[in-house]
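Same chain, two partners: subunit A is paired with subunit B first, then with subunit C.
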Partner chain A sequence: MTGVAIEAHGLGKTYGRRGGGHRALHDCSFRLPTGRVCALVGPNGAGKSTLLNLAAGLDRPGAGSLAVLGSTDPAAVRDRIAYVAQDKPLYPQLTVADTLWAGAELNPGRWDRATADRIAGTLPRTARVRALSGGQRTRLALALALGKRPELMLLDEPMADLDPLARHELMGVLMAETAEHGTTIVMSSHILTELEGACDYLLFVDGGRVRLGGEAEDIVSAHVLLTGQARDLAPHTVVESRTTGRQLTALVRKEGPVDTATWAVTQPTLEELLLAHLRSPEAPPLLTPSAAAAGTRAEAVSA
Partner chain B sequence: MAAESAAIEFRIDRRSGVATYLQIVQQTKQALRLGVLEPGDRLPAAREVVEATAINPNTVLKAYRELEREGLVEARRGLGTFVRRTLGGAPDATAADAPLRTELADWARRARAAGLEKDDVGALFTAVLDSTYSTNGTNGTDSVGRSHEGDQER
Partner chain C sequence: MSTLTRPKTEAVATTPGTLRGSVRVVLRVHRKALWAGAALLVLGIGIVVALRVWMASAKELCADGDITPCGGSVYQPSYARTSTEVFLGDGGTVLLLLAGLIGVFVAGPLIARELESGTFRLAWAQSVSPAHWLAARLAVPAALAVVGLTVLIGVYRWGLRALRGYPYSHLTHWNASGVFPGTGPALLGFALLAVAVGALCAVLVRRTLLSMSLTGLVLGTVALGLGKRRYELWPHVLRQGEGPLTLSGGDWHLDSGMLTASGRKLYWQDCFGTDMAGSAEACMRARGGVLHFTEVHPSSHYWPLQLVETGILLALAALAVFAAFRVLRRLHG
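This part shows the complex of A and B:
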């Protein structure tokens, strides 16, 4: 049985005063099924952190609605959510041991001490948080998040401070967590390769809305790279095309069978796909059936 | 730590261009061909694989389903995934002291003595292999992952 971890309808959030305000999210709709490991990717300022903040119930949407773990008030289910914000907020004057103790006290009935201790690993227990390196702070924040045994983990740029070894180790820990407990994980990054392989779901946010959403594999296989003599690309949706002399190279979204007699066809990588979309802001959004919010067939309605 | 350790460990190469689940499938088959895996052996649980490799659990399950579909392994509920049969026409033919292997090792030494680089030998071997096996309709199960996409594009 799969439920819905996050469902957003026409979500909007504007920061600052009206008129000069910055629209961080605008008419953002999607659905994330439970048990997925989702890469939340997009350029800087795309709205990733805003989205995570709203999902964690730390902020309220300016428009639209957001349901998290079945509740339309994310703050009400906060005990089932773990959120690690980008700046890894911890109390600098507490020691590592104090921080872990606070994790246990603040999560009565849920706290998994063995897991938290295992992830905290070799962190010196008597050291104060302010004396820890960025990577060590990340480790401690992840120990708190996993010790809570959450149903949904929201991780904003979780791997940014980590050295390659720690990154591999902690990504492995997160994957084991979801393998064992079916935990839904959302990880943001502007570096896709950091997440590729670990994530099976994708939310590509750009300009405050979701441009690609769904099973990473399905999104990739919905597209092909065509190379051949310049000619009409219909009926396919062209995401990006380039002509060099007589040769045309195009990344298209397949609309029906591809004529393999006239085109050399290859499968783009996820990275190629995202780059092509970033270069082509006018490419229409694509959400797979599992990622389309219920009842959002609203293109015609909003026109 | 699992009480009874699994019989194989997977290596994932993210830059190989081969789909991750296919790497697991291929490595399992290779282990079956070489006798590293034998019937009754347990494949590592998804949890163990993902903790070691940091890949998504569904990728491992997809690989195991593929191996199961080909009848090579079977999932026993609550126990794990177990090897059902070996691969290769003659399991003994790949053993360290088998005649075919000894001959090949001998040939490889001669190729090296003749000044061929490892890549040259690989290319030569692949070319001979292709021409030998293309004549009698191989079952080509290793290319399974790609054939689906081919179907769609027809």
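This part shows the complex of A and C:
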């Protein structure tokens, strides 16, 4: 599995009219290899939904290029992509059974009824969608998404409406799916802890661009938390530093061996890392080699 | 499930199947509206049948519909006959409203509501392209409207036939603005325009109520405009003669007046009000009028007028459909 699921170059998208428009994505470049379970994290309004919308082929980028599953036009491969939007769109007047039937009708030749039925599980088949709870709607939307046997799944905030048990169950289903079929999964959330542990890949979007991208482990191990009395942090890239009395605490990106004589070195957690980046918008982006779009510059460092 | 082989995806496997699937999903999602439409169809047929039964049961003593003894000095039509005339005299307007309603439905619940509530993403995130999604939402109402309204046109014409040939029947003339639109293919043209305008407004405005209102406004303007200018759609016939001209029963009288020696037209209305005391004809003669003339559409103009109107409506509908697809394409590729 060495293919590329999503590759973006200088992607831009502006909503609203020119001038007063809201810039949801700006010069966003990254690459996502196939077969990964990727957490797309970032604060509210960072551009996560916009990115997923573009990758699903529902919208066209305002600038740059986006290739999905090898096609430069994501809409042309929509039958190989499953997308569950944040509001879990479903026809409220249809019953659960009718919705699953519609899934089969809308995916001729691809529909896997057994999978869809399995995901829909205990949902009452005669209940109308408008009568379902938020969690049940999510389950039905996921049944539609998995029923089409996608090669790439784009899930926008899939966990938001689920209780912990259902979350756990859903994760199990998704993991089985990717293990069995090599499905690439992108899940967005503004709460990292929802996804941590389940995802092996990370795209951290903030301010309309990808600031951290790559294997979660590599990204974490590229950073260290230094505590000590010295002041000189060179040659490392400082993400965030804070002084308490004579003590300096800094989260840095390693640019060489760390002087363990001067510094007390600890490994930050992924959450600490993201928080530090959120507090320091000027920290340079980091994309591991697998996440750097081909032909994009030096910001790709070896981790 | 246990097999690792991925389903083979042929280059563009989406093309033929998803349109059929989309059509079936549209029919299922809007099942209630479909029943309502069927109910309206039955109601329309029922009203005409009921009127004809009522008329047939009226005790008319003569072939001319008189309920007083034949050849008497009094002519008295039955209540059933006059009521039928009144009802059928507005039948064309009712059918126009019905066609407009289809357009408003397309604009609102069928398209704009999906765009507004986000359910369009359900279809588009399945294997349905936006173009197929829109095509299904145009094809289904268009086909149903054509079939349903063709039936109603037939029934309406059958109802009008019962009133034909009787004297004093003036409400159901072929050219009456409440009759003409409901008796021929122009109604089908209007229905198709309604569907197309509904779709265009919906993709432009993307708000349920707003696009419904806008569609109603556009269709109302078209219907009223056609009603006012319909007589211009085919060249009228000019009749002239020495004395005042009489109209034959099927004529659609447009205007009349007198011609001057040089052929200039003087209309009666130009002489009304100038000198109410004097006769209008004297006024016309004073202005140089020598021959009486009248402008009419004879009943043989029914089909040319219907067909030209149908053609205009179909051309507008085609433009609107084209524009709707263009807008959708520009927004979503």
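Everything below uses one rule, namely that the second predicted complex is superposed on the first by the 295 of 303 C-alpha atoms of A that agree within 3 Å, B and C clash if a C-alpha of one lies under 4 Å from a C-alpha of the other, contacts with A are read in each partner's own complex, and residues count from 1 in each chain.
We take it that a contact is a pair of C-beta atoms (placed from the backbone, for glycine too) under 8 Å apart; a residue touches a chain by one contact, two chains touch by 3 or more.
Since the structure is predicted, the reported quantities are computational estimates derived from the model, not experimental observations.
Once the two complexes are laid over each other on the shared chain, residue contacts for A:Glu151 go to subunit C alone; subunit B is not touched. Once the two complexes are overlaid on the shared chain, A:Ala179 sits against subunit B while remaining clear of subunit C.
Contacts of A:Thr243 after superposition on the shared chain: neither subunit B nor subunit C is touched.
In the superposition on chain A, A:Thr262 makes contact with neither subunit B nor subunit C. By the touch criterion stated above, A:Ser221 is placed in contact with subunit B alone, subunit C being left untouched. In the overlay built on the shared chain, the residue A:Asp200 is in contact with subunit B alone; subunit C does not reach it.
In the superposed model, A:Leu90 lies in contact with subunit C only, and not with subunit B. In the superposition on chain A, the residues of subunit A contacting both subunit B and subunit C are 180.
Touching subunit B in their complex are the following residues of subunit A: 37, 168, 171-173, 175-176, 178-180, 193, 196-200, 221, 224, 254, 257-258, 260, 265, 267.
Taken together, the subunit B residues at the contact with subunit A in this complex read 12, 14, 20, 46-47, 50-59, 149, 152-154. Against subunit C, the residues of subunit A that register as touching in their complex are 56-60, 73, 75-76, 78-85, 87, 89-91, 93-94, 98, 101-110, 112, 114-115, 144-145, 148-149, 151, 180-181. Residues 1-2, 4, 6-7, 9, 12-14, 17-18, 20-22, 24-25, 28-29, 32, 117-130, 331-333 of subunit C are the ones touching subunit A in the complex.
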